[in-house]
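One chain, chain A, links the two complexes that follow: it is found with chain B in the first and with chain C in the second.
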Partner chain A sequence: MRSNRLGWWLLSPTLLVLFLFGAVPFFYVLWLAFHQWNPFATNPDIIYNGAENFRRLVFDTAFLNSLGVTVAFVVFAVLTELVIGYMLARAFMRDFPGKAIFRTIHTLPLIMAPIIVGSIWKLMTTPSIGIIPHLLDEWFGYDLNIGQSALAAFTITVIMDVWHWTPLVTLTLIAALVSLPADPFEQAQIDGANKRQIFWHITLPMIAPAVVATVFIRLMDALRTVDEVLMLTGGGPGSATRYLGVHIFKEVFPKTNYGYGSAISVIVLYLTIVVCWLLYVGMLAPRNKK
Partner chain B sequence: MKKRNPWLQTLFWVIISFLTLFPIYWLFVISVKPAVDLFSTPDIILRGAYWQNYVDVWTDRTLRGYMLNSLIISSGNALLCTTLGFFACYALTRFNLGGKESIFFWTITNRMAPPAVFLLPLFLLMTQVYRIGDFTLLDTRFGMIMVYCTFNLPFAIWTLRPTLDGIPRELDEAAYVDGASSWKVISEVVFPLCRPGLAVTLILTWVFAWNEYLLAATLTNFNARTLTTGLSEYVTTTGTEWGIMAAISVFTLIPALIVFTMVQRHIVAGLTFGAVKG
Partner chain C sequence: MTEIDNEPIDILEEEAQPPAPPPVGFLPIETNWFDRLFISLVIWVAICLVWLRFIEPLGADLYIAHAISVAAGLYIIWKG
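So, the complex of A and B:
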């Protein structure tokens, strides 16, 4: 076996860069989280205040509300993406004219910048100029106003996320479905299983690892959504779409509440890592070792 | 299974494609409308195009500068991340380094952080600590190239892992037995076999860097401002210049679309770190 020293040399630039631009900022945030610091307040000094920020966090309704809407957003968005993505993946399994073109079209939203996705949906939903409120009003007499209705704003952010990311789910599930062996399905059909039974007892268990991998990726990105929502609703109306990423941004920048903002950041990062780690260790790592 | 009419399926996909494309189409419609027409009744079908918004964007020297910045930053970052990611991943898959699974997971935690978490510390570090002589990293292209490594470098490592795992170790061992140096093994045995994976990584990291907004909005002022940030300058408290905003969006979209169609078939493995084979 070659010496491991070469291995560490090859790895060191990466570790150095991630240390400087990942770990150091993180420890800085961690340190700030135990201090009170608002450079533009009457007392601009950095004052150590122990776990006060974290204590405040537990009782902070703004934070708890943000956590709640984030969970709702992630659950609704990821579940919808899974269901629609699966149906589309099944539809793609068959042959039909123009399949390649439709596949390309369907994947287009994937590479669009979140900020542009936000702008597009803002263009389409802003009350006076948007096409969606206009058509809803004309056809159903329904007045859609994402600037006033919390439910409408929440729904539009979910729809935007579904539009942006369902293609990813479709692609991964196609990849999973393509690699399935045919035998179990033929056997089940001979045994007289109906479609629903085949789905629950054969298809789903066999594509489960791919579904978990997809959920892992989507969860990781949905939890850190900022740009799209910031552009579309700015977190409003009120705090209806103030997801964690947006909440931190607003707490840190306009309010310049650096110490408290840091405490929120630490907790959010911690929660994200724990959830992802459980998914990774439980479902993905055993597979990668194979 | 029973046969379905293929043309019916095509019809189904026409509807799905319409839903997918409509927002992009609407962006284009807004971009070719004069401002005065925006508030009249929205018309789904485009009647006549007004290209002034595009001319305005293209002749705006500031925006052209932003575009150049975007190009330099995303290309520099993609090259850097793919190179470092390749060496790191080679080291992680070929050597028995202690704690290698933990190192592996640690790298991805950098990508999990909501970008807002890193805004403040990076801002402060870049003004005060990360200086090179009198030169701070804040508002420089070099600084942004480095900052984007936080989320793109882990991505590159995770994307390249399945590729490198897929190359049999026996291949490099055989080359060593034949007396090749480490450098020769990497450059002449492993690298050529990795080319498709490296291409996907390069293009996806490029797209991510090109698309990034929040960090660029905070950490740049003028010298290193990117195109996505230029976009938000047209949403102001006194009103939004929708047409210009839409035209910039279209400009931002085009390069990403072009590079994307080149790797479209390999994208699944890249976006899911090879957890699902495409």
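So, the complex of A and C:
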């Protein structure tokens, strides 16, 4: 009993920090989501308005459009990162000349701040001065202009995200692949299994927890992408790249509509939790059932 | 000395009993009460959002959605 009390005392600073910086802001935003508050309007008071923000949200075409493009962005970006990340992880498992330097270069995008990544890609894709439109025009006669083409803008944001975050997937999958035991693979080869069968029936089930953890991290990151996209496209053209993060930013800061912005934030958090939970249940939980 | 005192004590009596199997609910995964509370809250929000979008415009009050959600939540926590 005595040692238990000591444990709580030792934990209390951590719990206090978690409460102050985790729980308090969350509950404040949740509370604000049920209020109308525009501190710069003629009436700056915080007024309780029940579910009015959520009632507005479910009919808000701008929000629903943001949700649609965000889902498309997340699916394309995360799947591409997983596939390329796995292939790179397999490549880096082999020995080849210059492997260490390739791994270092490959990891460089990870250490860049998102706003810098956005600036670099902005410079590279600006039609008059960018290297990418120049090369596409020279090689294929394709006129890339992300300020005019919605599809091009969407594609470039996905490519930028893939470029930025694939190294993270590679690193986690290398860690998972390195820790695999050799015996099941040798036995499968003796039994005559081909590479595809080994991948689907041995490798993938054994690295599934690492894959799910990686997808969680990338999913949460992709759902809250703001700065890169805001820098590169500003959410345009039109609303082609107005992802949920960008939508919340534009709703809260230029319009100073804090109550409604909080409601959108709460729903985005809710969707993130639901997607991650469904993913966890779909991929890992049934295996734990006794 | 009484008759009861002469009876041998079965020290393996407690170990011999097989552990009670965990109750199996209708959910496809193994859960504890907190998991089921979490699932109930997630479903509550989903029901309310769907209600606000599709059913409330027809005239049904949001309190009905809350009542349905609470009933569903209690059922999930007890039977899930």
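Simple rule for what comes next: the second predicted complex is superposed on the first by the 264 of 290 C-alpha atoms of A that agree within 3 Å, B and C clash if a C-alpha of one lies under 4 Å from a C-alpha of the other, contacts with A are read in each partner's own complex, and residues count from 1 in each chain.
Keep this in mind: contacts are C-beta pairs under 8 Å (C-beta built on N, C-alpha and C of every residue); 3 or more make two chains touch, one makes a residue touch a chain.
Just so you know, these numbers come straight off a predicted model, no measurement behind them.
Visitor: Give one of first, second, both or neither to describe whether A:Leu67 is in contact with chain B, with chain C, with both, or with none.
Guide: neither
Visitor: Applying the touch criterion given at the start, work out whether A:Phe54 contacts chain B, chain C, both or neither, answering first, second, both or neither.
Guide: So A:Phe54 only meets chain C here.
Visitor: Mind telling me which of the two, chain B or chain C, contacts the most residues of chain A?
Guide: The partner making contact with more of chain A's residues is B.
Visitor: Thinking of the overlay built on chain A, is A:Ile156 touched by chain B (first), by chain C (second), by both, or by neither?
Guide: Neither partner.
Visitor: Does the superposition put A:Asp95 against chain B (first), chain C (second), both, or neither?
Guide: First partner only, chain B.
Visitor: Should A:Ala222 be classified as contacting the first partner (chain B), the second (chain C), both, or neither?
Guide: A:Ala222: touches no partner chain.
Visitor: Quick check for you: in the superposed arrangement, does A:Ile146 touch first (chain B), second (chain C), both or neither?
Guide: neither
Visitor: Would you check which partner chain A:Trp277 touches, where first means chain B only, second means chain C only, and both and neither mean what they say?
Guide: Touch partners of A:Trp277: chain B and chain C.
Visitor: Applying the document's definition of touch, where does A:Ala77 land relative to chain B and chain C: first, second, both, or neither?
Guide: neither
Visitor: Quick check on my understanding: which residues of chain A belong to both its chain B contact set and its chain C contact set?
Guide: In chain A, positions 273, 277, 285, 288 sit in both the chain B and chain C interfaces.
Visitor: Quick check on the complex: what are the chain B residues that touch chain A?
Guide: 4, 6-7, 9-10, 12-13, 16-17, 19-21, 23-24, 26-27, 30, 38-39, 41-42, 44, 84-85, 87-88, 90-92, 94-97, 101, 103, 105-122, 124-125, 130, 146-147, 149-150, 153-154, 157, 176, 182, 207, 210-214, 218, 228, 231-232, 235, 242, 245-246, 249, 252-253, 256-257, 260-261, 264, 267-268, 271-273, 275-278
Visitor: Report the residues of chain A in contact with chain C in the complex, numbered from low to high.
Guide: These residues of chain A touch chain C: 51, 54-55, 58-59, 267, 270, 273-274, 277, 281, 285-286, 288-290.
Visitor: Within their complex, state which residues of chain A touch chain B.
Guide: Touching chain B: residues 1-2, 4, 6-11, 13-15, 17-18, 20-22, 24-26, 28-29, 32, 88, 91, 94-99, 102, 104-116, 119-121, 123-124, 128-131, 134, 163, 167-168, 171-172, 174-176, 179, 209-210, 213-214, 216-217, 220, 223-224, 226-227, 230-231, 244-246, 248-249, 252-253, 258, 261-262, 265, 268-269, 272-273, 276-277, 280, 284-285, 287-288 of chain A.
Visitor: Mind listing the chain C positions that touch chain A in their complex?
Guide: Where chain C meets chain A, its residues are 22, 28-30, 38, 42, 45-46, 48-49, 52-53, 56, 62.
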